[in-house]
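Look at the two complexes coming up: chain A is in both, with chain B in one and chain C in the other.
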Partner chain A sequence: MNLFEVSGSTTAAFWAASALAIGAAVMVVTVKNVFRASIFLAFSFIGVAGLYFVLSAEFIGIVQILVYVGAVSVLVAFAVMLVRDVSGGNRSIGKPVVALVIAALVGASLIFVAYETSWQRIDDIANADAVAGLAGTYVGSDAPGLPSGESIVSAAGADALGAQRGVFADTTGVIGTLLIKDFLLAFEIIGMVLTAALIGALAIMRERRTT
Partner chain B sequence: MPTFLDNSWFRNIYCNLVENDSARCASGGWFGDGILPNNLAWLAYTVAAFVICFAILNALLGSVIVYIWAWRRVFARFQRRSGPNRWGPFGMLTTVADAIKTMFKEDVVPAEADRLIFNIAPVLMVVPVFMVFAVIPFGAGTFFVDLNVGILFIIAVTSGSVLAVVMAAYGSANRVAIFSGMRSVALLMSYEIPMAISVIGAVMVAGSLSLGRIVEAQDVPFIIVMPLGFLVFAICALAESNQTPFDIAEAESELGSGYLNDYSSMKFGMFYLAEFAAGIAAAAIITTVFLSGWRGWWPIPSQFWFFGKMGAVLFGMMWIRFTWPRLRPDQVMGLAWKGLFELTLINLLSTGIMVAVFADEEAPGDLFSANELWIMAAVNWVVFVVSIWAIGKVLAPKPYRAAMLEAPVQLYPVGVDEMPAVKAAGAAD
Partner chain C sequence: MTLENVLLVSAVLFAIGLYGVLSRRNAVTVLMSLELMFNGVVVAAVAFSRFTPVAGLVDGAGPVTTQGLRLALTGQVFAVFIIAVAAAEVALGLALVLALFRHRQSVEVTEAATMRN
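What follows is the complex of A and B.
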């Protein structure tokens, strides 16, 4: 789906969210005060959530706000308060070449993945829906990982407002079905790993008996 | 499937600006018959957003003024005094005078404070509370937006106030404020978990996260169908809006006013506003999710039903606030993790089993009928009574051991390093 073919308001929302995400991220690494950096990190997370909303993945966007803004950034802020010199603590490590190489590698791998991903399928779904103008006739049986017979496409394909909003509707239901049907094992294993991590943290933090 | 813009005030304003015809606006492209010329859809979007923001903001500010007045009057009745009664009829203008006074006070910023963080925190505190009202249906067809992740949106947005508390606590560079900020964060994060899980019961029965759909599903109000979910949600809502049994963060007798300590003038006013608006928001959410929202009987319009129920919930919240003492921080945490968390899981389990039993395989999108809801209610009330009794047994304070009380008092012998061992009463020599 070409971004510039959809309406102006979506484009404006995209640029606003991107500007917030990137601008706040730049501030995180440039600002000297570590606490302020952690607050800017929270704003960057909000910008990323905005990008998810633009892509009509409301569920992921909401969870991004709930987990990253509501919990993770607060934990980061508390961890930062333990730093002795908060106002001048964000120092350079003094190895610009190493940092540049690592950053270049990460950037290159991201670009590589972006080029290798088959975006064609998403385009096909959008086009099929727009051309047919039918209500949710696209059956995701040929899309791997989706339960066959489940419609993942907006029922309001021909609806101009629906089209402006994006291709997919009700991502929440599809994600829920995938989590507890197709990827149940992985889901449960992640739950076990997190529980183990939590118990481990408690075991480390527990006060030792001095006797 | 209601989409993002279907049949809301937002869409009506937007469509009138773009096309002057809501039906055509929904069905096709934009051919500037409306107020704005062609190709200015983004401007219509922005204007509609501003109109909505203006409406929410002013309605909420006005209702907070009224709520504070009612709060003071009711508080006075509970304490057998007359309350504010000089300015205007029944003292109604007292809050207005208070608001004006707050604005004109001197704005003091502590010398050591991190000015940027200190100044942004009150604003960030107010924003999430106001955003909640964007998704609440106030009456039949009277809503701004019906997001299809509505209830999740509310939970996510309100979690943003934790960040504002941390910023206020750190920004004022004050030990008491940091203590209170830590308490507040622990409280908010602990109560968010049972709150989110207690809503899942309602979401399962309604089959959707959209608040409009949840109201639609309540042929029997969910307070009757799942009393356990309602109880936990109401307690969590009280805690999240920092009401008295849970106001360990402000705790005047221990921490002054906690993270509000160094705020003055309108910055303090913003926190005050956020606290009372959060109370109203909590009442609105409880009304929508558990008291069947705007639904009622015929001659009275749906909006009146909504605000009537909301007023009743607010009165209940005031009642708790005026008559209960403040809990200790460890009691507050213990209640969340040892009591409410288990209760929500029990509610989730019993409701989930019944949803699975009654679910119609042929028509997955269908709502449950009133009879099915009544059967669920019958089972859930039994579960409610039994689980409350059991959790009460587990959480009840242990009685003092008789041995401690009856232990013989022994004097500390002078010149001896060790305290002689205390014999338990009745133990053989």
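What follows is the complex of A and C.
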């Protein structure tokens, strides 16, 4: 089964998830009531999570539901209720038409690029040497930093599970290994960023309370 | 479902979020629209990860090499990082909104032109 061939039911699920994500997103920016906007935001997140599942990115889908639907939506709804500016508080600026034109232009140019770029020519690199060149190593040998003989998944296991269904096998394990090996510095920095952001959020809140 | 279709959805989500950021007055709604823009970007990253031409998976012949799988899943690692940054951003942004509300009894971004007291 070809990786790029997608079954009809998968395509239907893709468009359903897209309709949920985009429809709810439109409601977020148009509905008057801010609290309802936050609820529609949660629905949009669920639609995007469905998109991740359709794209065979199960781990990202679960993270989306945990972080966005679970935490961010609740945090936003909490903020909406705290500022007590719920109904009729979602006015637009003086000239929303200007914003609409700018957003439409940016969106149209993005869509133009997506459809005009010949991704098929990029598909031509689908041979082992080109992929190994992009990855910086050759298939037959290990990465320079890796101890000899070490591999993330066994080629046989990936063959049995992945190639038959045309999807990746065991994405979560490989993502975890990538995070603590290839992207270790970025992983540590993101931990620092999260800690600093949360401490900063607490500091901002506390300063206003004591003054 | 082709790569172009997924990128279309991603661009539409991004544009809707951009419209919300530019047009809304309520700072909380601006943050919500910002999250929509983040989601559009993550959808694009995951789509590129899904449609990365990995030797062995493209033709279904296998075996999939470790390097190929790593290359393909780098897009999903990017998605994890973007989600983490977005979570930090929304926590900090909502703290700023609440501080602004305590200070001015209003969360309209048009009235928040200055950071001084």
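Note that in this section the second predicted complex is superposed on the first by the 130 of 211 C-alpha atoms of A that agree within 3 Å, B and C clash if a C-alpha of one lies under 4 Å from a C-alpha of the other, contacts with A are read in each partner's own complex, and residues count from 1 in each chain.
What we mean here is this: a residue touches a chain if its C-beta (ideal position, glycine included) is under 8 Å from a C-beta of that chain, and two chains touch if they have at least 3 such contacts.
Keep in mind that this is a model prediction, so the values were computed, not measured.
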Chain B versus chain C as contact partner of A:N33, first or second or both or neither: first
Partner chain in contact with A:L20 - chain B first, chain C second, else both or neither: neither
Chain B versus chain C as contact partner of A:V63, first or second or both or neither: both
Touching partner for A:V74 - first (chain B), second (chain C), both, neither: first
Touching partner for A:L198 - first (chain B), second (chain C), both, neither: second
Chain A: partner with more touched residues, chain B or chain C: C
Which superposed partner A:A42 touches (first chain B, second chain C, both, neither): first
Chain B and chain C footprints on chain A, overlapping residues: 11, 59, 63, 71, 78, 155-156, 158-159, 162, 169
Residues of chain A defined as touching chain C within the complex: 1-4, 6, 10-11, 14-15, 18, 21-22, 25-26, 28-29, 34, 37-38, 41, 44-45, 48, 51-52, 54-57, 59-60, 63-64, 67-68, 71-72, 75-76, 78-80, 82-83, 85, 89-93, 96, 98-100, 102-104, 106-107, 110-111, 114-115, 119, 122-123, 125-128, 131-132, 134-135, 137-139, 143, 151-153, 155-156, 158-159, 162-164, 166, 168-169, 171, 174-175, 178-179, 182-183, 186, 190, 193-194, 196-198, 200-202, 204-205, 207-209
Chain A-facing residues of chain B, complex: 1, 3-6, 11, 25-30, 39-42, 45-46, 114, 116-117, 147-149, 152-153, 155-157, 159-160, 162-163, 166-167, 170, 178, 182, 185, 189, 192, 209
Contacting residues of chain A [partner chain B, same complex]: 7-9, 11-12, 33, 35-36, 39, 42, 58-59, 62-63, 65-66, 69-71, 73-74, 77-78, 81, 87, 154-156, 158-162, 165, 169-170, 172
Residues of chain C that touch chain A when the two form their complex: 1-20, 22-26, 28-29, 31-33, 35-36, 39, 42-43, 46-47, 49-51, 53-74, 76-77, 79-81, 83-92, 94-99, 101-103, 106-108, 110
